[in-house]
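Take this structure first; my questions come after.
A, B and C are the chain letters, set down in written order, and residue numbers restart from 1 in every chain.
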Amino acid sequence: MKETYVACEPGKTKVSPEIAALVENRKPGHALDAPFYISPEVFEADMKLIYGQHWIYVAVESEIPEPGDYITVDIHRNSVVVVRDDDNAIKAFHNVCRHRGSRLCNEHKGSVGNIVCPYHQWTYDLEGKLLFAEHMGDDFDRSRNGLKSVHLQNLGGLLFICLADSPPADFDEFKAAMEPYILPHQISKTKVAAQIDIVEECNWKLTIENNRECYHCAANHPELTASIFEYGFGYQASPSNQAMLESYDQLVLERSKDWEGGYGLPSIEIEHLDGRITGFRTQRLPLDQHGESETLDAKIASKKLLGDFTRADLGALSLWTQPNSWHHFMSDHIVTFQVFPLSAERTMVRTTWLVHQDAVEGVDYNLDNLTAVWNATNNQDRHLVEISQKGIHSDAYVPGTYSPYTEIYVEKFCRWYIERLTALINA
Amino acid sequence: MKETYVACEPGKTKVSPEIAALVENRKPGHALDAPFYISPEVFEADMKLIYGQHWIYVAVESEIPEPGDYITVDIHRNSVVVVRDDDNAIKAFHNVCRHRGSRLCNEHKGSVGNIVCPYHQWTYDLEGKLLFAEHMGDDFDRSRNGLKSVHLQNLGGLLFICLADSPPADFDEFKAAMEPYILPHQISKTKVAAQIDIVEECNWKLTIENNRECYHCAANHPELTASIFEYGFGYQASPSNQAMLESYDQLVLERSKDWEGGYGLPSIEIEHLDGRITGFRTQRLPLDQHGESETLDAKIASKKLLGDFTRADLGALSLWTQPNSWHHFMSDHIVTFQVFPLSAERTMVRTTWLVHQDAVEGVDYNLDNLTAVWNATNNQDRHLVEISQKGIHSDAYVPGTYSPYTEIYVEKFCRWYIERLTALINA
Amino acid sequence: MKETYVACEPGKTKVSPEIAALVENRKPGHALDAPFYISPEVFEADMKLIYGQHWIYVAVESEIPEPGDYITVDIHRNSVVVVRDDDNAIKAFHNVCRHRGSRLCNEHKGSVGNIVCPYHQWTYDLEGKLLFAEHMGDDFDRSRNGLKSVHLQNLGGLLFICLADSPPADFDEFKAAMEPYILPHQISKTKVAAQIDIVEECNWKLTIENNRECYHCAANHPELTASIFEYGFGYQASPSNQAMLESYDQLVLERSKDWEGGYGLPSIEIEHLDGRITGFRTQRLPLDQHGESETLDAKIASKKLLGDFTRADLGALSLWTQPNSWHHFMSDHIVTFQVFPLSAERTMVRTTWLVHQDAVEGVDYNLDNLTAVWNATNNQDRHLVEISQKGIHSDAYVPGTYSPYTEIYVEKFCRWYIERLTALINA
């Protein structure tokens, strides 16, 4: 039995002595040891302890605009239905029939009145209550056979779920801190313009690490660096970039003053990537050129600005959450990313582009233009994380040093990851 | 070494303590625990103890009508040649050369004089005797290097093999009980009209469980329920179906009297699905509408009736065997099913349609009409077992309650399975 | 952790007790037990102890004719760059960046000035020295972050690498013995006319065993046996071939005398397939018909003879090395084979055809004619090893007897393999 060592409930959480030793001996400031990226046993532990015990970003509210609309999300082997009920409340349930375990909703998205199992027509309402189960007799207690619910939080339209029985309580602080930044973009008044899934042949942590630094940007992302500055990743002055970093810091200062003071938009960096359970970081960052949007020409992609915005040059509000998301909120559109591990060496990245719900394709925005930068960037990143995954298999791989100037947030991701494993192993 | 815990011979049979505990703690009346459907270790145990120690239905005599005709059958990693020898006797051998292990017959079916290894031309006769092996010298004892034989039983044309050294002796009782039912259909005078293999992404037990109930039929099988009554699956009266079940029981009684008394065809149910090694169940069941055959219009599909039959309305003789087959014998054709596990989560279902050997395609029968019902039904069932397999992976899966009214034979399959594992683990 | 039992360094080398027992109990003169061909654990041991501790043939010098030319070679999970530096010396390095482990060279072949990591542009020279790594600060010691080198030997143009820290010292004797045979063919003045990779669904040892006997040739290789005699595989006189073997031995004697005496070409067999670490065997063998080349008509395929040869009828110089190569050197072209294991049940065979560097395709040689025999033979062999692999999975497989007349060199391969495992397990 593969799962001998890894159990779900805190208090009973165990990993093998080999994994515990790997966690304990992680060398700060360095990449992780190879088994963290390639071992199926570590992957099982990651799924139980990281994806199973933390708040996972899974969808955006505008994917299910009407009552009865649902999407299904797979967190490894766990399929979850996220559904808007008749009172416009959003609920999440395990997508598993209480009879013989059949998956209930078998499409990525749809719309239903009740949730009916295709196998024997057991029927659940949108609160998860079992309404109907034929041939089960009088002794059968329907009230004990409702759908198992999953914890859900809605942060200004961003939907997070937690599979644990007792989810981390610090989501509330995270939410309180982030709402002022996010609410002005009014996600509830957006629509999904595009959603694209790509599969990367690598461990999910390589996907996240790659996202947490821009050391690789200059040589690899010509489309992205047309608008984005590499410095917005916690860069420290190094001999080769001191002058440019200083001028960037000056730009950040000026723009923040303008956005915060002049326009009422919170912009200052908040950075809690490690040291807390629900790790996150945010900052409104200046963009290059016209400073409007992450497009090939740095101008807005959609003419219909979001929310109540009256100006386009709002830079990009960045949000990262541990363990699985990043987001860019601009004046005209939002790009939001989820990372879903498929196996120790396969990861799915879902990218969703949101525009104002009244924006009309072909009139207000052009889809190719809207998605050009991040489609190109995603494909470039996919190549980079895949060649990393290959190299880590080598007996010659030893964890190298992270740059103290440009890979600080990679280090913070690893630190958070090791902190969390340590806490849960010893819980 | 994966196989440390699982050995073939009774007396030495061991499984891991985890599997033994799962077997011991199975909760009657409920679906099995998740590892029974997804664990590779349980699958290895199933292959050794269930498929390795029981009578497995593998073919029908009419697949090899002439001397020298053979088919190969794979029971997981074991390939077996079933061949008709020059005296018209049917033999089974392991499809493995005694020299360096090469597979001998590499097609699903064919015709041979002797069995010649493609590698170094070692040549065996149809009794398995090694006739010829070049360059092996005088000291080489050909008589000790014949093919390894496999036990085979022929029940009225249905061929069963057993891979164990000592196969279960109760096949004789099964045969004695079943021959009066099957022989009138005269399989030896049929031919294979069609044979179709489908692969289901599920554990083999889900395939069998799905076959052992018709609770799911009404909502999923419009083609099948055109002729078949769902009640013929051990249904007990439940509040929602009592009236219809009573009228069905009346129909069964009348028809049985007619078939048994008036026409000399045994029809009464024999049910030994659990409580014995070679578990089985049979009954001649009434069909709806014209009551002739499992076709879209319930009329016969082939004008040439089987055996010496002179009337078409003989319903469907049902036969189920544990662990891997079901069969429907009608007046005009036979549909017969084998279940071959491929891995813990993949299963092959082979469906074979037999008609009278003198029936002419396009004249006496139309192939699309003959196969329409079961091709549709197989595909519908494939979907159902595959969504069950997916759901069972969820941490939220808990074995649900079987209906005491409509899933009695599913429970009996599980009971038989647990009984057999228990007996062999403790042998 | 899969690798608990298998460690790289001699002295610490351990395998599981089950594998140790299999090695200890191997029955001489018989095929290996099934786990040697199918077990992932044995495969891991093979990769660590056989492919990880011996000289592995990986390329031919003419694949990288110019300074800066490189190829990459995968020995299971270890990717190695073989590169010609600016002084025309050939070096080998692990293809792994010292920063975050990215694979550096991601094509099979190419040409570079320095080796630059695609991820963050760390730059290494062709001696492996780290020249450049941005943003790493003053404390970072570049001299301790060079590429890890891999031992490399060049035997007359054949390139061997060893992944171990201390490679077997007996390569020198092998080289001294073989140079007189190989050098006259002047590999450095050849070019690659064709290189074809095929994947065989079998364990790598079946690929090698198949190469070490010609018992299977007569019935399977019509193209190859147009020029090659099956007797050149250590055949002993058996009742069925005594007369032909004697006449072949006479032919070998005459031709050797001619090649050695008259033409100065060493031709006598040297056979050290077992009993030493770097096992090998060589012999210049007569060919049938015109005796010139391994082509469909046994005539030379390329008009431009190799080296300083002035006559075409030089037979075929055969070289086999343990564990992974064989070679045929003729007057006009060379065919050379590498065996790279991909997993316990998948193996890649790379075949390279070399002709004189001045030979012009379409004028001096025709590519189809040059490659016809070995393309056909490779495909036939692929089928044979794949059906062997399948058969060995059967519970009925027992290791059969090798022919004492025609499978002596298969036995010697197995003996070498068991010798080497035994020595390293007990080191």
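We adopt the following convention: a contact is a pair of C-beta atoms (placed from the backbone, for glycine too) under 8 Å apart; a residue touches a chain by one contact, two chains touch by 3 or more.
All of these numbers come straight from a predicted model, not from anything done at the bench.
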Checklist entry - When chain A touches chain B, do the two copies use mostly the same residue numbers, with over half shared, or different ones? => result different
Checklist outcome for this item: Rounded to the nearest 5 degrees, the rotation mapping the CA atoms of chain B onto those of chain C is 120
Checklist outcome for this item: Here the gap between chain A and chain B, centre to centre from mean Cα coordinates and rounded to Å, is 48
Checklist entry - Got the chain C residues that touch at least 2 other chains? => result none
Next on the checklist: For a test of understanding, state which residues of chain C touch chain A in their complex under the given definition.
Outcome noted: 1-2, 4, 8, 52, 77-79, 94-104, 106, 118-121, 134-138, 140, 145, 148, 163
Item to check | Of all residues in chain B, those that touch chain A in their complex | outcome: 16, 18-19, 31, 34-35, 39, 41, 209, 215-216, 219-220, 238-241, 383-384, 387-388, 390-401, 403-406
